[in-house]
Amino acid sequence: MNFTGRSLVTIDDLSNGEITAVFDLADEMSQSMKEQLDVCRGKVMASLFFEPSTRTRLSFESAMHRLGGSVISAVDTKATSLAKGESIADMARVVGSYADIIVIRHPWEGSARVVADYAGVPVINAGDGGHQHPTQTLLDLYTIKKERKIIKGLKIALWGDLKYGRTVHSLIFALAKLGANIVFCPTPGFEVPNHVIQKLIAEYGGELERLAASEQSDKEKVSPLDAIYITPGSPHQLAMMPNISIQVELKRGVDALYVTRPQKERFATSEEGEGFKKYPVVDKKLLKEKEFEKTLIMHPLPRVDELACELDADPRSMYFKQAARGVPVRMALISLLLGVKEIATPDKSSPAGIDYPAYRQDLGLKCPNPRCVSVQESETKYIKPTFKIVDTNPLILRCTYCEHGFEPKYVASSHWHEGAPEYKKYHSAESHWARTIRPENLIVFNSADEAEVRGFKPSHYATVPHKRSDGQKR
Amino acid sequence: MNFTGRSLVTIDDLSNGEITAVFDLADEMSQSMKEQLDVCRGKVMASLFFEPSTRTRLSFESAMHRLGGSVISAVDTKATSLAKGESIADMARVVGSYADIIVIRHPWEGSARVVADYAGVPVINAGDGGHQHPTQTLLDLYTIKKERKIIKGLKIALWGDLKYGRTVHSLIFALAKLGANIVFCPTPGFEVPNHVIQKLIAEYGGELERLAASEQSDKEKVSPLDAIYITPGSPHQLAMMPNISIQVELKRGVDALYVTRPQKERFATSEEGEGFKKYPVVDKKLLKEKEFEKTLIMHPLPRVDELACELDADPRSMYFKQAARGVPVRMALISLLLGVKEIATPDKSSPAGIDYPAYRQDLGLKCPNPRCVSVQESETKYIKPTFKIVDTNPLILRCTYCEHGFEPKYVASSHWHEGAPEYKKYHSAESHWARTIRPENLIVFNSADEAEVRGFKPSHYATVPHKRSDGQKR
Amino acid sequence: MNFTGRSLVTIDDLSNGEITAVFDLADEMSQSMKEQLDVCRGKVMASLFFEPSTRTRLSFESAMHRLGGSVISAVDTKATSLAKGESIADMARVVGSYADIIVIRHPWEGSARVVADYAGVPVINAGDGGHQHPTQTLLDLYTIKKERKIIKGLKIALWGDLKYGRTVHSLIFALAKLGANIVFCPTPGFEVPNHVIQKLIAEYGGELERLAASEQSDKEKVSPLDAIYITPGSPHQLAMMPNISIQVELKRGVDALYVTRPQKERFATSEEGEGFKKYPVVDKKLLKEKEFEKTLIMHPLPRVDELACELDADPRSMYFKQAARGVPVRMALISLLLGVKEIATPDKSSPAGIDYPAYRQDLGLKCPNPRCVSVQESETKYIKPTFKIVDTNPLILRCTYCEHGFEPKYVASSHWHEGAPEYKKYHSAESHWARTIRPENLIVFNSADEAEVRGFKPSHYATVPHKRSDGQKR
């Protein structure tokens, strides 16, 4: 595996073996920090933070300095040429000619992908809106690995805001990839979004079992358990042992409890803030429960009130260690991407996930996520939106930039009307016709208006009752 | 004396011998700047400025670079996780895991103490609200020492805003500690606060003589003299020579005139700004007075109008030299605290001041200073306010964070009601009973409400006429 | 030619030979970047950006890091002591004692000159309002030279906002100095200001021919040509070949097309923004014209819509190369000014332009440019405005700070009333008397009020009809 010149935009850009390789190098570097001072001598890292994050920025900059490299940084949105209307692609090209590696945080989802596409140098995503924050995920995993030696088969509980916390979404995929089981304990109203669950099951296998409301009330005293994800290779796999109780499973103990801060800056409504007030705080009392006896208490920080500081001295508390470990993990990553360090990777597994068919038609389809980089005014001149067809029943497309999955309302097929314009008809995406269209012919519309603008007329199947034809559990 | 791993929060953290040691190393370093380039190689300084101060920040960062070290910096309050509600203590712990030394400026008084308590690495206070700015004090003293060889016995006049100027408060204690006499020339309305004077006399000895208004009008043409502090060891000590005239003393010449800028950003009212308009400017005309013939003109900068630029070429003007000397002084300090340089200290004097008894009762007493770090909402979960009993007549407590001294209104004794709840009574702090309470039993309240909330009832002595029982001059 | 210790405030500070020397060193450095890492070891550059410009700042900082030097930077106006009312001169002196070289961007025109006057270390102007941005000019010239080998005799077209674009003004003088011909293609309403044209002709010789409106409409399809400047040494010099057609000249091909962004942040009115909407965009269609067949497409970036991104892959497009070349050009410049590198200059030409007579009278004349540093409230205590008499018919004075040229309304002569106060009279600057006054006696006033305040009375010649007495073409 060769890291040189590659970028890290999502955690999926690294195979399991590569993740292990980063950890091995981080171990090596943290044991001999003084010897790393010439590793990046003469290299310049650009640190571009278009959203506040002193913690992450300082961690990256400290990592680069400890490797003997230099840092140029821009931290204020208003102080940048982007404020003059420049596109991210232009900015990436210019900064890529000043620096040897770019670290970027930007509120638009998918923006780091655009920077990676244009910069000409390795790019590390330090958070792109609600999308991904893969180095946070790496240091989370590194902490679990350091404390438990192996991640495969562990039971990791995620607690709090599982809706807006980008660190949590990256972490979910990484845990699944590495074979951990996941216990979801969201604040009510802050459950993991459907598109994350869909990707989790489709790409990593395994099963998700949701708890009924009655089950939850029974065990309210323990934790607000919502669902559990069982990794495919697990001996406890639900399908194999249908009678196993989630409660019993949970009682056997949780290996790590990953607490997150309410991402207030991303809340859609003020009511969401209210929802968090009723939520149980992770404190000494909670951690007296038997299942947390040997649990690693983790948090990406900053915390506000969701994690009591009375736990700071508790040996199970890992959150300050987590933060500290960000430095060697980032040192390892930077030096691998710059190609100044090499390390053997334990396996040859490919980082690639499922190779979904591409959506081929160029009829102006736009990503419906308003925070996606591909729909921003300054970017549309550069970025041609592209999509993958990740499911057909129901039909789900995924934006290749922000990775947001969505279900188009209407479909058509380029095959139907080739040479026969009178067949330019659109159908409901829920009609059975939809599943007969081959991917290379698929045309989708998010609204009837979109279809009509392109000259399509509604077929008899344009309106079907809004229920699943197959009753599939989703 | 070993500096390694220590922090510099207030100038009192350094003994006289240690101050001299810093100056000796600064001398050595400024004479061979090029040879210092490996001193801090591989070390990372975090420069955290939560209040604007380009000058101080650039001086620290230049110092670190001239030592061959690296700098990570955060300069915008809004760009920090503190804006997300994080506590200073958490921030300190995380940044302390990224950097080898932290320099912090923050508007909350006592904040640097909190950072030093939690960071796990040396911390330098670069200004915490109106509290202290000890490295400014060091470079002020260094300038005086370079120009006059010795500080002991000198006569230093302080001019302008002596109320809000934090550099002046640090300087007052340092000058007293080093045996200088201090002439106070405040803008009317901007006199040195009482708690500073109280500490000056109590901890450094010596005497303060205030000028009567009549005396002032007599000599208005010279300078708006308000009071003079005579150091204990001085041959001119007032107590020993009761007939000596302050005027005569002043006429013998001032060694340095320390001018300060009106700290408008800290003014409580707009009238305070008006007060400054009537104030004499330090200019050529003023400096023609005989007592300023050989006076060093000093200013912490930035200046606005209080110091005329016609003086810039005057050989007595030291203010640009002062600023320049900040670099070697900070180089010396950084390398000593990091333990990468050592230097013999001329004496073994301890930095500690008087060991005042601690206030022991835990009944929710809060520091009445609204800018104190210990009363900020995000910090109260971490910081348990603590106080020293620094005087008993009148009773004065001092917050250990912001060092603000205050006189509680009411007192009680835990001894009185042990086992006898009917004796839970509170008295006026001015009643003679107050002085009978032993420090370990002392309970204080800033208001009657506070006392009643804790279950105390007023005694017969709760209201005494508001005058001193002993007529003590204050 | 010795660069050591000098500043670069305007492009005129460098002779042709010195410009070539910078380019030679840039060539050398860009071919062996790794070997430059000790060139500035131990040197500190202060990067002071009082106006947003991430691009320029990162380029300078990258250059310094690639030379092995360190950077201290201040990027936010509000985060500086200037916000406390400090003068630029004070700031320069202090920062000059922290750093070995200063790079400054500031909105006040002439501010970099003030910094250079006071800092005591070399200063590089990274843009002072609408005045100059000489390193942008250097990298523009460097790109032309790299692509065309020689600049003399080339035909360079300037396109877009030629009024507010400071990069364009610097470039005009530099191109003239180096013997290039200039084709002006301004957006209507954004023509090159008169004072720039005046300086161009007066100091660099050559001729400017403006196109009549009728000629323009004829050729609208090609480009909105407004005027052409023919360099003195050119074989096509208009005076020598009066019948040559500009159109024909243009048809022979343009060597470079320099496109500029509308400098919206400097627009005086919102109508100016409207004017730009009608302006032709530089795109593939335009570049199909024969005269652009081998044209270098240049742009200082950031661009918005004036330059189509469909050109990015076109081999004529130079704008990203331009940006990239800023790094070696700035590396060369920094190391020359710091005196850590030396290079032989090909010729001994002096950088100085015409030695205009100074305006000698000290009667409170102020620069009429409201953005000039010399008229800012915080600066007037330091800066004594000075002027050069750059023309007498009509009378034009030029501010030595912002280099803004202006025509005073009234004149007087100190000679007239020496010993005869009754002759303290002022005349119209357009009267024939004005041209009889010797420079050393000249007194000018921008208004009658100014004159009367100084005790002057109107002469019979104070009002003359507002037309030129000589019908000179301007």
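Per-chain numbering from 1; labels A, B and C assigned in written order.
One rule holds for everything that comes next: a residue touches a chain if its C-beta (ideal position, glycine included) is under 8 Å from a C-beta of that chain, and two chains touch if they have at least 3 such contacts.
Please read these numbers as outputs of a predicted model, since none were measured by experiment.
Two copies of one chain, chain A and chain C, touch each other, and the residues they use overlap weakly: the shared fraction of interface numbers falls below half. The best fit of Cα atoms from chain A onto chain B calls for a rotation angle of 120°, in steps of 5.
Centre-to-centre separation of chain A and chain C, using mean CA positions: 49 Å. For chain C, the set of residues touching two or more other chains reads 76. On the side of chain B, the complex with chain A involves touching residues 41-42, 44, 46, 70, 72, 74, 76, 78-81, 83-87, 89-91, 93-95, 97-99, 381-382. Contact residues on chain B toward chain C in their complex (touch as defined above): 33-34, 37, 49, 52-55, 57-59, 61-62, 65-66, 68, 71, 75-76, 261, 264-265, 301-305, 309, 320, 323-324, 327.
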